[in-house]
Amino acid sequence: MSIPINDYVTLASVIFFIGVIGVIVRRNPLIMLMSVELMFNAANLLLIAYARLWLHNVGHIFAFIVITVAAAEAAIGLAIVVTTFRPEKYVDVDDIRTLHG
Amino acid sequence: MTLSFTNADWNAILPVEIVAAAGLAVLLADLFSGRNNWRYVSIVIGLMGVVAAGIAAGRQFGHEYDAFFGGFMTGGFATVFEEIVLIGTAGSLLLYSTIGPSPRVAGTVAIMLWSACGAMLMAGAANLIAIFLGLELLSLGLYALCAAVDRKTARESALKYLILSSTATAFLLFGAALLFGATGSVMLSDFNNPSLASSPLFWMGAGMFLIGLVFKLSLVPFHTWTPDVFEGAPLPVTAFMSVVTKTGALAVFARFTYDALPPGVAAKLLLPVWIVAAISMIVGNVGMLAQVDLKRLLAYSGIAQIGYIVVALAGGTPLGLRYAIYYLTAYAFMNLGAFAVAASISGSDEDGSRLSSYRGLARRRPWLAAAMTIFLLALSGLPPTAGFLGKILILAVTLANGYIWLAAALIVGTAISLYAYAKVIRAMYAPEEGPHGDDLRPFVPLAWASAALCAAVVIAMTFYPLTPSNVLPLVR
Amino acid sequence: MGDVGVTHHVLGVAGSYPMLLALWLLPLAGAVICWAFGPQLRAMAGWLVSALVGASFVLAVLSWRDGTQSAAGAAGANQPLFSWMPGFDFGLLLDPLSLLWTFIITGVGFLIVFYSIGYMQGDRAFARFFAYMSFFVFAMLTLVLSDNFVGLLVGWGLVGLASYFLIGFWFERPSAVAAARKAFVINVVGDVGVMLAIFVIIVHVHSIGFGDTFAAAGTLSAAVVLTICVALFIGAAAKSAQVPLHTWLADAMEGPTPVSALIHAATMVTAGVYLIARCAPLWNASHEAQLVVGTIGGLTALLGAILGTAQWDIKRILAYSTMSQIGYMIMGVGVGAYEAGVAQFFTHAFFKAQLFLGAGLVIHALSDEQDIRRMGGLWKKMPFAFWVMLTGVLSISGVPGFSGFFSKDEVIYGALQHGHPWLDAIGIVTAGITAYYMFRLLFVAFLGEYRGEAPVHVGGAGSWIMNVPVAILVVPSVAIGGALLFGGDASPWAHFFAPLFAAQAHLAAAQTPAPAISENFTSVIVVIVVAIGFAIAWQRYATATAQRDAVDRLRTESEKMPAVLTNLFYFDAAIDVIFIRPSQALGRFFGQVLDPRVLDGAVREIVVTAGWLGTLVRSLQTGLLRAYALILVFGAACFIAYYAIAGAAH
Amino acid sequence: MIAFWVLAAILIASAVWTIAAKKPVYSVVALLLNFATLAVLYVTLSAEFLAVIQIIVYSGAILVLFVFVIALLGSGVAPFPTGPNRLPKIWLPAGIFTLAAFGFLIYAVSTVKMAAAPATGAVGNADVFGSVADFGKALFTVQLLPFEATGLVLMVAVIGVITLGGEQMSDAEAQQSRMRADRAVREAILREGKG
Amino acid sequence: MPLVLVSILLPIVAGALLVTLPRGDRVLSRAIGTVVAAITFGTVLAAGTGDWSVRWLSRPFESAFHFGATPISYWIALLLALCTACAVAACRVERTRDFVALLLALEGTMLGLFLARDLLVFALFWDLMLVPVFFALIGWGEHPATAWRYFIYNFAGGLTLLLATAAFGVIYGSTDVIGRGGAALAGGWAPWIYAGFAFAFLVKTPVWPLHTWMPPTYSGLPSPMVSVVSGVQSKAGLYGFLVIATALLPAYVHQYATPLMVLGGISLIYGAVVALVQNDAKRIVAYSSLSHLGLIVIAIASANPLALDGALVYIVAHGLFSAALFLLLGYVEEREGTRGLPRLGGLGWMNPRLGGALCIAVLAALGLPGLAGFAGELLILIGVYQAGYVWPVIVALVAIVLASAYMLRLYQDIMNGPQREDLPIRADLTWLEGLAVAPLLAALLLIGVFPKPLLVNAAITSAQSGTLP
């Protein structure tokens, strides 16, 4: 284990941060979803890195389940995006603002 | 460590299994119903499943058992929260009787039941994986449920909920990963380790984990989704969300607070939560003031109400948990009742949730108006309702724990909220003729029964405060 | 409960006195019956009340023996009623003092009530009038018969109420309504004074009974006694129209004339005299109190007399004369000459009632005309009334031989005797002025030519009803003074009051040096001064010259009347400026500015602010997903910051 | 060591590209790159099975889904049409501030010595760690409950998508009119709310 | 079932059942309401010292549904039952059925308040009793803002009461303490608890400067309701002071005496001065209530046995005469369509019975000797003076003079003066209307002459000493 665990944490944090930026900056729902995937993956990286550190495969199981859930979530998320934006002129979350106040 | 499971393990999650199976049964029954839209069949099957699960869960009460190697703890604490989840589910299912014939009912009922499974999983979950899974199961179902109606606002609410909730879940997940990193374990019970108190990693992990939870509890500033989603989602789903999601999140939060903290750090570690709870009590109630839509109003109200409940846990005393559970139960009934009334007077297009359609309700639907009044009184903490008793108990325990500023915030928030709730009451009882809708919905037996039952319970709970007295020992 | 060894001093011989109870309650019964069954009774109401008040009088006469008995130093009869708690016992007391008052109240009261049957004939609210009258008699009896301060206060308040009702009897007249309210409010000031006295008494004596209080009078500190006396005197001053609380009395003449005769001349306004005489032990214990009360009494006598010279309304002249005469009484009882003061009350009751009733005859005959400038020459048209008025004027002016002479003389000499020569001087001067304005009244109204427009109705079917009581009153007003008062300390009067006042009064008198001049010499001076007053009045109004151009002269006199007199020494204006206007202005400020704008406004601002915050929360909820996400991330950043710092610090 | 830094650089670059790309398809491609790199990283962390799963599930399934959806909603190569930027100007500095603070925090978090060495030592067996057998054994024994629950999650996803998709566009006319009515009602409410 | 419980539940249940009657049935609902209220009066009368208790919450926050009359609450409960019966009998508003139901509900909740022996039950009924009034203001009030004023002020008070109750329960461990010796609390949070109670009670009473909800409420409510609200509900705060603030936190009575007296004194004068110039008849009575109740606050602050007894007498007296005044002014308004004094006048000729009744009520209000108001006033002032507070007594005496001025103005401007031609002068009181007010007036006279049964503290003390305490 030559690479310090801190480096993994930093890397995961940076990716997570990029995902956060994606969510709040982009107006395209698909890219927002992708950003969320990035965040999930950052967590996964962390889990696996720590699993290596602790030599404990529960981190792997956790990551495995995260991947599965992410898949399910992507499926539903994309379905929602489709149903939401098919009737719309723009594919732009800013345009979806009937509900407010 | 034996690596095999006994029947006891499967029995421990029997309520979850029953509810999941009921969801399948609903779908199967729908296959046979063809296109006849037997919405009552779906509802009844779902209800039967819920009731059976409730009985099954009830029988577990007092028989503590750590199923699946500590992954799911049942018997006390979990049972209580499971029952509340089931109550919320049943109340929400009943409301499907008010939406018109729709081919989607079976699917939505099934998904709602599975979502309830997620919440029940959260109630019993004792490790991070189970918590995460329960949360996701609950959320995924809700994303679908929100959008499962042909209405633009519903789809909008689904989208908003999807993006925001996923982001928050990502925070939770990242926090869970950090917690795993700090402890080398995903078991909550392993977190109760004095050496962790000085681990910055643990603090950071707990912080990010709590962000996800607080988002689900919709405390300010993680509340922004709540009003929009509550308003846009179909009424039964809103009711479900207002009760079940919060119950699940609260169960995890309570378990985390009571069970998964190194000794001596609770006050400092959870301080941000108390702060956001205090802010929620104020902002939630203030937010109600300018609302013109009942669902939205109840969303803001829910933000504040959860604040009250969370406040009861400040100090981490057994009494606090007990009173929190009492108030949560009361909250479930009053919210479900309010939504039942709302559903009873609004059609599937849900114009009925506009406050203006409540004008003069007392003359057109006196019983519904009376029931609604009881729920609003309960939400505002006025007697003779459980809201009153719950609030005073929470005040008492908060003061006893020395969180005077939280008690003060609670009082100020309540004072503000009174006005907002009373506005609805006034609209219903004011004598002036409003532009009352001619599209008054006919008598809907199930929803009316639900409202009546909730009203009765809300009042009865004042005089017979049914709280399990020994929950805390069962948390661990 | 039980006897715990505290002895209560009770005035009078305690026992059961059914006659006393009956004479007290009969008028109340009359009032209740007339009130409840007025429409059914109609004219019978007058007869009923007359009969009941008359019966009361008879019972009072029959109670003479009870009232004058004495045993073990206790004079009179005491009838216990009920008790709120030990020390808070109520009862009736009939002793010489209250007996005297009872006689006047029921006796003169009977005559006046009887007179009213004629006077009030045809009034819309005939029965109501008699209900009020009867109620008044009851209230006045309560006042004088009570054996404790609270009972006295009850009577004190109730007579004020009866007076209010009767002043405002013709309540469609705004002036009567205003006068009634004024009288009541000023009387409440008096009630409040008595209450204050009661508080001090209770704190120091732990009882409300006269007996306990008087027994303790000697042991109380001078300051306490003075406080009690001054407080009581506020009550007395309001009730008895003493300066500066006198302004209501003249206005009170808005009531029917029999009311003025009974309440505002004979009985109620002398309650102050009764109170001071009753509390003689207290006054005896405080020289300062005597000084204060005597001075104010003298001042009132003088002021009332001066104001009397400037009035044209026959009843107002009589009202100011009443004020002046009560001033005498108060001066008398104030300085310690209790017998004299009470004697003045006694004779005054007769002659003033007679004067008012006589004036009532005139007013009745002239269709409610009261201005003496529009009278004149009435002696020819109404000889009976003239003779009545003449004897009354002679008596009040203190012409020797008439009742008023004896009593007034005693008061004036009493002031001297108790060491207040300047009060003596005031008394003498006032006597002269009194003679002047009373004869002025007589001359202007009855001599010369008739100057009015209204036709004069005399006689009529029921006129005997009015004439008989007046005629009866003439007798005591002329003769009773000579009969009872002549003879100084040896008189029947002195003998009658010996058990009450003698010891203390003489004790007090013994402390001051004997006056340089004798009583007879004083009388001579008084007679001379009275003669001068009479002469001036004669000169101005009765000579042939004066009669000839009476109309012009009276007009000129009216026009040239000094403003200070027409404005009644500016007392009303001062009260208006000092009390009424500021409180009204304050009330308007509080009610229209402070309440809605400031106090309620503050709360409204809070509510508005809350509403504004609600809109703020609403406006933050933009509906934009990215904004929500940003808020979420912001919250998360705050959380993480906290945990990073706290975790590192821990 | 060098491999780690290279992979990290690729990871970060591809992540940035994902959120920065104008055309959504490029984002997908960048994400694919990111996931693949991650899988390589997993291998270096002795999580071979997960690396495979990562490739199969993420790259194979999820991203394909994304591509389908992109195709469904737009041309794919062109940027999606966007409406006017409705976010008030005030949000821009607020956002920058928040992100800056957040970024700084991430930096602070990762530099602070928070990754303490395992206090109790490694809990697992280094010999079998990361092997598929070990993984599978755990999955079907200790972690059976999550595994079962995952099945339910997938079920929800399937039924959810079906429910969402079912008869979505069956009656476009009715849909349109309902939308109009909806908007009218909403505007009426808002007017009322302001009044 | 014990009578105490019956008297609380009977009106509430009857009110709830009344709503099931046909909507338009005015006479029947009024008759039923009157009978129920009368029976309730009987049960309260008979309940006496009955005591009933059942466990509600267990330790550590112990509380019980504990009901029973204390010597103080017995009289107030009787007053309430009497006022309600009279108010229901006099009830003539639109939607009578609902209104009568609300009145009965109000009675039941307030009986619960006065008969509660548990602090938490007290707090429960405290909030509950505000609800029917709020509904009445919504349905029958003159202006929507009135309902909000009432609501905001009183529920704010209710919240501090709740907070104080919670704190008390936490510290003492039990809230089953009303009328029970040895439950006194001191130190620590106790002054804050006292302040919390006091705020709630002062708002309800009300006392300057928390009174601004009161004039619009009293003038805006239909008179039967306001006669109960002003007559009895406003006494809830004073009752609370007597049995809670003073009894449970005696250590702070002296500490807070001066501020309380200052507030009471200001109310006393303020109310009187404002009443002097008001033109709305009901507002005059409202402001006079401010003044009168200020006096009771002074009495309570003095904590002297005579003053406390006087406070009870005056509580009952004020209840009776303000109920009577509001009912009678309601009659006037009903007949003439206005209650503005400048528009009224000269009614006395055509309405002697109304005038007479109003006169008695007014006289009781201005403290005429022989009526109940006087007895209370006198005892209070004696007690306060005895306790060594001279300036409040002087202030009160001034206020008594002012009271005579504004009360007479009220009476005279309505009844006296020339008959107005622009007024639809209507017939005198009917027998029924008269009967609705008569018990109140009779009670005023009775208590005025013989208040002894109400003198619970001082009579005992003085019986022991043989003189006034």
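Going in written order, the chains are labelled A, B, C, D and E, and every chain counts its residues from 1.
Note that a contact is a pair of C-beta atoms (placed from the backbone, for glycine too) under 8 Å apart; a residue touches a chain by one contact, two chains touch by 3 or more.
Computed from a prediction, not measured in an experiment: that's the story for all the values here.
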| item | value |
| --- | --- |
| Third chains touching both subunit C and subunit B | A, D, E |
| Between C-D and A-B, the pair with more C-beta contacts | A-B |
| Subunit B and subunit E: spacing of chain centres that average the CA atoms, whole Å | 43 |
| Where subunit C and subunit E are represented by their mean Cα positions, the distance between them in whole Å | 36 |
| Gap in Å, rounded to a whole number, between the CA centres of subunit D and subunit A | 3 |
| Mean-CA-position distance for subunit E and subunit D (Å) | 66 |
| Touching two or more other chains - residue numbers and ranges from subunit B | 129, 133, 136, 140, 143-144, 147, 152-153, 159-160, 163, 167, 171, 181, 184-185, 199-201, 204, 227-228, 290-291, 419 |
| Contacts with two or more other chains, residues of subunit A listed in rising order | 5, 9, 16, 19-20, 23-25, 27, 32-33, 44, 49, 51, 53-54, 56, 58, 61, 65, 69, 72-73, 76, 79-81, 83, 87, 93-94, 96-101 |
| Multi-chain contact sites of subunit E, meaning residues that touch two or more partners | 148, 152 |
| Contact set on subunit D toward subunit A in their complex | 1, 4, 8, 11-12, 15-16, 18-19, 21, 24, 27-28, 31, 34-35, 38, 41-42, 45-47, 49-50, 53-54, 57-58, 61-62, 65-66, 68-70, 72-74, 80-87, 95, 99, 102-103, 106-107, 109-111, 113-115, 118, 122-126, 129-130, 134-135, 138-139, 142-143, 146-147, 150, 153-154, 156-158, 160-161, 164-165, 168-169, 175, 179, 182-183, 186, 190, 193 |
| Complex contact set, residues of subunit E against subunit B | 19, 56-58, 60-61, 65, 95, 120, 123-125, 127-128, 131, 134-135, 138-140, 144, 147-148, 151-152, 155-156, 158-160, 162-163, 165-167, 169-170, 189 |
| Residues of subunit B that touch subunit E when the two form their complex | 319, 366, 377, 381-384, 388-389, 391-393, 395-397, 399-400, 407, 411, 414-415, 418-419, 422, 425-426, 429-431, 462-463, 465, 469 |
| Of subunit C, residues touching subunit D in the complex | 622, 624, 626-627, 630, 633-634, 636-637, 640-641, 644, 647-648 |
| Residues on subunit E engaged by subunit C in the complex (per definition of touch) | 148-149, 152-153, 208-209, 211-212, 215, 270, 273-278, 287, 346, 348-349, 352, 356, 363, 366, 368-370, 374, 378, 381-382, 385-386, 393, 397-398, 400-402, 404-405, 408-409, 412, 415-419, 450-452, 455, 458-459, 462-469 |
